[in-house]
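Next, two complexes with subunit A in common: one pairs it with subunit B, the other with subunit C.
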Partner chain A sequence: MKYDKVVTTTAWSPGPGCHGGCGVKLFVRDDKVVRVEGDENHPFSQGRACPRLLALTQYMYHPERITHPLKRVGPRGSGEFVRISWDEALDTIEARLREIKDDYGPESVLFCQGTGRDIGGPISFLAYSYGSPNWIQLGLAGHSCYTPRLGAMMATQGDYAVLDAAQFSPQRYDDPEYRVPEVIVIWAQNPAPGCPDGFFGHWIVDCMKRGSKLIVIDPRWTWFSAKAEMFLQIRPGTDGALALAMINVIISEKLYDEKFVSEWTVGLDELRERAAEYTPRRVAEITWIPEADIIAAARMYAKAKPAAIHWGVPVDKSPEGTTVAQAINHLWCLTGNLDVPGGNVIARPAYGVTTYPFSTQEMHALYGEDFVNRLNEKRIGAKEYAMVRNFRGWAQPDVAVEQMISGEPYPIKACWIQTSNVLGGQAADTRLHHEALKKMDFVVVADLFHNPTTMAVADIVLPVASLAEKESFRSWWAPLQVITPAVQVGECRSDWEINFELAKRFNPELGKRFPTLKDLFDDRLKPTGMSYDELRDAGGWMMPPENSASRPYRRHERGLLRPDGKPGFRTPSGKIEFASQSYAQWGLDPLPYFSEPPESEVRTPELLAKYPLVMVSGRRSSVFFHSEHRNIPWLRECDPDPIVEIHPSVAKANGIEDGAWVTIENDRGAIRRKAKVTPIVHPRIVSVPHGWWLPETEGREPNLFGIWDVNCNVLVPMGTQSKSGYGGGAYKTTLVRVRAAEGRGE
Partner chain B sequence: MARFGIGIDIEKCTGCHSCFLACKDEFVGNDHLPTAAAQPHGGHSWIRVKEVEQGSGTKVKVDYVPVLCQHCNSLACAKVAPEGAVYRRADGIVIIDPVKAKGCKAMVDACPYGVVYWNQDADLPQKCTMCAHMLDAGEKTTRCAEVCPTGALVFGDLDDVTSPVSRMLAEKAGKLEALKPEFGTGPSVCYSGLPKVFIAGEVLFSNRGSECASGVKVVLKDATGKKIEETLTDCFGDFTFRDLETNEGYVVNVEHVGYAPLELAVRAFASQNLGELVLKAK
Partner chain C sequence: MEKQGLLIDYEFCTGCHSCEVACKQEHEYPAGKWGIKVNEFTQQISEKRMEITYLPFPTDLCNLCHQRTSHGELPACVKHCQAACMTFGNITDLVASMVKKPKMVLFSPK
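Let's turn to the complex of A and B:
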């Protein structure tokens, strides 16, 4: 087959949807992408491509893709939209948002995104240029996605850390300094289908092939648990207790790295005392894991050198997620596995380049100090929650949805929604969010397809470019890489283009500093000494330079981590803090502890009598990214039905047959799913995949593509957030019951 | 002349479906005549990934089995097809001729592996071509093998000892098997580690506060009492006998000095976790 050109670029939503980083080759003929392959020269993915990437052509050229701006003409929910020009769309948005700003203040507009993809840059740029502090993952209960873990890591060791799969080295596994982890703990994740948080899931498989043994902690059997040396089938939401018991065993049996701990940490005695409350015997009762297994796992992890922990989002979704993350973080610090080859290495973006300003200093430089202070005053949840105030510029979602309804302490009038299908996706208590969003005077949705959210509330819909159509760059740990457009589809524009254009209208000063988007990219890329075009022409990606703060290993010894250049860590004490000074300053317990899930056998036994099963949502599928791809036929073929995984004993007791439709319910409502009877789930849980809507059904109200029928988040509460403000969304711990559904054909 | 084959190592397959998607990317909407007409948008799985979850309790296995045309030596599909509608090339690839096979829907049911699909619009039976058009153009691999992220699925020349498939076959020598050998069609696709049933359990001592019984001898016998295999329980008292044939009767014997022996008859329709086996002190 002949191609006009082959464009090498980086996969980062939209398309596969995910957190991205893979090198991809796009084969173009007659201005159309006709074939997709992994780029074998790319160090991140080394030629591999996932099903969602391979389905890119079907996604890009889908007959229902939105390819020009739309304006709603019928009432909300009618699905009546007409085509408008970009000028009309942007002029309308600008005028409406200016009115709202004049009448109610800029904080009355929420800028809502989904999970972290190529969006943090464009959306925060727009929100702050407009003047709103309320940049938010609307609907994400407890903001329970990575932010709790990031906060805990920052508080503990002043930096983030990830499992070392040699991802910071251009030679990868062949780097002479690198060592494969002897033991990997996969804590609450099925990494192969997921590729979470800048981490390529198959790196774990790479390590397994090179000899890593596994300990897997999960309520559900996966391909990894079935291959693990030890599988701890845990009660959902009790990960904090397990981590504390492991800490207890490691300290009391003196399995910790004494030299590392005495040189680089503070607070061991306090931690020892706290962990002593969590004996393996007591924690066995809490977690459903046999006592002997808890002890054996702690020993196996602590005795292996090096060993690494790879964790997943259920950590954040545990009650008091920021303290659970802290406890797990302590494990790699106790055992001296921090920033060593094959351990948990400190993760900084290559060259320190981020797609948007993270630090307060950078924020001041870009927007002015006064303005940044004002943001913190008005940000939703900043008053109530220490970590919202002190750690990261997110508005708090549980507080926000209440405020959308109550109008207190100030009214919320509009939502800008981008990369997020709130109602079909992350929003817990879907009905509450439906009600809240319908109260808005003005809603803009930027997306590629109609979905329950556009149908229910969008006034204007903006068509977004896929990864194959956009110019952008990606910095998430390593490498730093560019995203190069191959083609144009319809009138679609990238998230960056859309937001940059509007941001300039609200803040002409920025327009003067950055006349074009490239100027903005070049500014962010400055630390590399290269411009965007130069980086693209040099191959499109760069690993962190040797002997720099963004390249492992043992940077604490070399004084590469602290702003003052001294050895140690970027914490108040300069050491790893087992008892966190930052937590204490923020009014939180400086030490980790365990808290029962809001609904559980211990906390609410009366509810358990009525609803005896724990609903664990969120199992990953390699063919879907959260609520995306249900409308992509090739992908849907592989995972066609909204299922519920039920243990054979539960199915039998409830008269449920494999393949039959069942009702799953609690006091918040009822949904229906198709039973998959399987031994992979624990008999006391049901696994209910999230993000389901049915694009093949009616999109208009009241059906909204079937969300009231199949979206499990209808059953999940809001308002269960941790004391820190981050973590604790009950997506994995909600109590339900199941029964055979009456007469569902299909 | 090369002799092409595919090797599939089940141990490495994570069930990601990338092979299925790569095949779609290659064939949907693209004619590759004379070996393949375009695959329709939906309904065809020239390679499909079957999920097998078995066992119970603390003994569960999760496997994925990619199934594609086995490029057999004796063609079951040819028996119902007109002359020349399906043929085996000298390099071992089995091709359904996109012209001569028109209208021959009987081939769909004739294939015992169920890997021939009906294209309603083209009035044509279709299946995996082992990416013959790519090989004919000088490429060295198939789309599915190329995309497989773990090396579970490999392709190559069976006569070339350095090819990926030959290397896998050498590495797995003695452990290779055909999918459903009872069909007797002589496939060119070779598997290792196809999911079999297993029998597992956990042994406890009754008199030591139900302590896990490690190092206890467990013997597996066939229905006639002939010993097949023996093992010792691990530090958790666990044992597993793997790779057993389905639908066979087995006997499990547990013996330990000072305890009354246990004997259980098991029929392995599917994998079985016998659960806790408590040894009573004599």
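Let's turn to the complex of A and C:
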């Protein structure tokens, strides 16, 4: 087959949907992408590609893709939209948002995104240029996705850390400094179907082939737990207790790295005292894990050199997620596995480049402390939660949805929704969000396809470019890389283009400083000494330079982490803090502790009598990214049905046969799923994949592509957030019962 | 020319479906048509042991990506396999690899 050109670029949504990083080759003929392959010369993915990336052409050229701006002409929910021009769309949006700003203040508009993709930059630029502090992952209960872990890591060691798969070195596993982890703890994740938080999931498989042994902690058997030396089948939401018992064993048996702990940490005595409350015997009762297994896992992890922990989003969704993350973080610090080859290495973006200001420190540096403080005056949740006020720029979702309904302390009048299918995706208590969004005077949705959210509430829909149609860059750990457009589809524009244009209208100063988007990119890329075009022409990606703050290892010894250039860590004490001064400052317990899930056999036994099963939502599928891709034929046929995984004993007791439709219910509602009877789930849980809606069914109200029938978040409450405001969304710990569904013979 | 085949190290196949979709794209097969298909085998062996095994199976539609390999490219499934557990080559070479490690399957599709 002949091609006109082959464009090398970076995968970062839209397309595969994910957190991106893979090197991609786009084969173009007659201004159409006709083939997508992995880039074998790229250090991140080495030519490999997931099914979602390989199905990109079906996604880009889908007959139902939105390819021009739309405005709603019928009532909300009617699905009646007509084509309009970009000028009309942007003029309407500008005029309506100006009216709302004049009448109610800029804070009455929420700028809503989904998970962290190529969106943080565009949306925060737009929100702040408009003047709203309310940049939010609307619906994400407890803001329980990575931010709790990031906050815990920043508080404990002044930096983030990730499992070392040599991803910061161009030579990868062949780097002479690198060592493969002797033991990997996979804590609450199945890395094969997804690539979370800038981490290519199959790097764990690469390590296994090179000798890494596994300890897996999960309520459900995965491919990894079946291959593990030790599998701890944990009660959902009790990860904090397990981490504290492991800390207990490691300290009391003196398995910790005494030299590292004495040189680089403070607070061991306090931690010892706290962890002593969590004996393996007591924690065995809490977690359902045998006492002997808890002790053996702690010993196996602590004795391995090096060892690394790879953790997943259920840590954030645990009750008091920020303290659970802190406890797990303490494990790699106690054992001296921080920033050593094959341990948990400190992760900074290459060259320190970020697509947008990330931490409070960066916000201060970029916008001035004054501006950030003014943001906090009206930012939803900032008053209630010191950690929300002081760590990152998010508004708090549980407080926000209440405010959308109550109008207190000030009214919310409009939502800008981009990269987020709120009602078909992350929103817990879907009905509550449906009600809240219906109250808005004005809703804009920027997306690629109609979905339950566009159908229910959009007034204007803007068509968004896929990764193959956009110019952007990705800076998430390493490498730093550019995203290069290959084609144009319809009138679609990138999230960056759309938001930059609108941001300039609200903030002319921005346009003076950055006449074009490229000028803005060049400014962000300044630390590299290269422009966007130079980086693209130099191959499109760069690993962090040697002997820099963004390149491992042992940077604390070399004075590369602290602003003052002294050895140590970027914490108040300059050391790793087992008892966190930041947590204390934020009014939180400085030490980790365990808290029962809001609904559980211990906390709500009366509810358990009625609803005896723990619903764990969110198990990943390699062919879907959250609520995306149900409409892509090559992908849907690999995972065709909204299922519930049920243990054979539970199925038998409830008269449920494999493949039959079942009702899953609690006091908040009922949904239906197709039973997959399998021994991989614990007999006291059911696993219910999230993000399901049925694009092949009626989109108009009241059906909204079947969300009331199949979306498991209908059953999940809001308002269970941690004391810190971050973490604790009950997506993994909601009690339910199951029964054979009546009358549905599909 | 020597006969060629696909060696699958199914110890490391995670069932990610990349081979299936890579194959459909390469051969422009619509949904419902498979040049390779991943099979899953799950059984509880004991209270402490679960078998979860995946194995991709090349169907009658597999031509070993002759159109790619004839000019030095890897078959689409082999190139994109996220677990890097598939090898394309001469059968005699693949047999030699096979004797060195358990949990391998050798396919000679055509």
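Assume the second predicted complex is superposed on the first by the 733 of 746 C-alpha atoms of A that agree within 3 Å, B and C clash if a C-alpha of one lies under 4 Å from a C-alpha of the other, contacts with A are read in each partner's own complex, and residues count from 1 in each chain.
Throughout what follows, contacts are C-beta pairs under 8 Å (C-beta built on N, C-alpha and C of every residue); 3 or more make two chains touch, one makes a residue touch a chain.
Keep in mind it's a predicted model, so treat the numbers as computed, not measured.
For the composite obtained by superposing both complexes on subunit A, the positions of subunit B and subunit C are in clash.
Within the superposed three-chain model, A:192 lies in touch with subunit B and with subunit C [touch as defined at top]. Of the two partner chains placed around the shared chain by superposition, neither subunit B nor subunit C is touched by A:515.
When the shared chain is aligned, subunit B and subunit C each come close enough to touch A:633. When the two complexes are overlaid on their common chain A, residue A:296 makes contact with subunit B while staying clear of subunit C.
By the touch criterion defined above, A:407 reaches neither subunit B nor subunit C. Of the two partner chains placed by the overlay, neither subunit B nor subunit C lies in contact with A:559. With chain A as the common frame, the single stretch of subunit B that clashes into subunit C is 45-53; none of the other options in 45-53, 81-89, 243-251 or 261-269 do.
In the three-chain superposition model, subunit A touches both subunit B and subunit C at residues 35-38, 48-51, 54-55, 57, 192-193, 202, 205, 209, 221-223, 225-226, 231, 622-623, 633-635, 637-638, 678-680. On subunit A, the positions that touch subunit C within their shared complex are 35-38, 40, 46-51, 54-55, 57, 192-193, 201-202, 205-206, 208-209, 221-223, 225-226, 231, 622-623, 633-638, 678-680.
On subunit C, the positions that touch subunit A within their shared complex are 12, 14-18, 20-22, 24-25, 30-32, 42-44, 48-52, 54, 76, 79-84. Residues of subunit B touching subunit A in their complex: 12, 14-18, 20-22, 24-26, 28, 30, 41-43, 45, 49, 53-58, 60-64, 146-147, 149-150, 212, 235-236. Contact residues of subunit A toward subunit B in the complex are 1, 34-38, 48-51, 54-55, 57-58, 192-193, 202, 205, 209, 221-223, 225-226, 231, 233, 290, 292-293, 296, 622-623, 633-635, 637-638, 648, 678-680.
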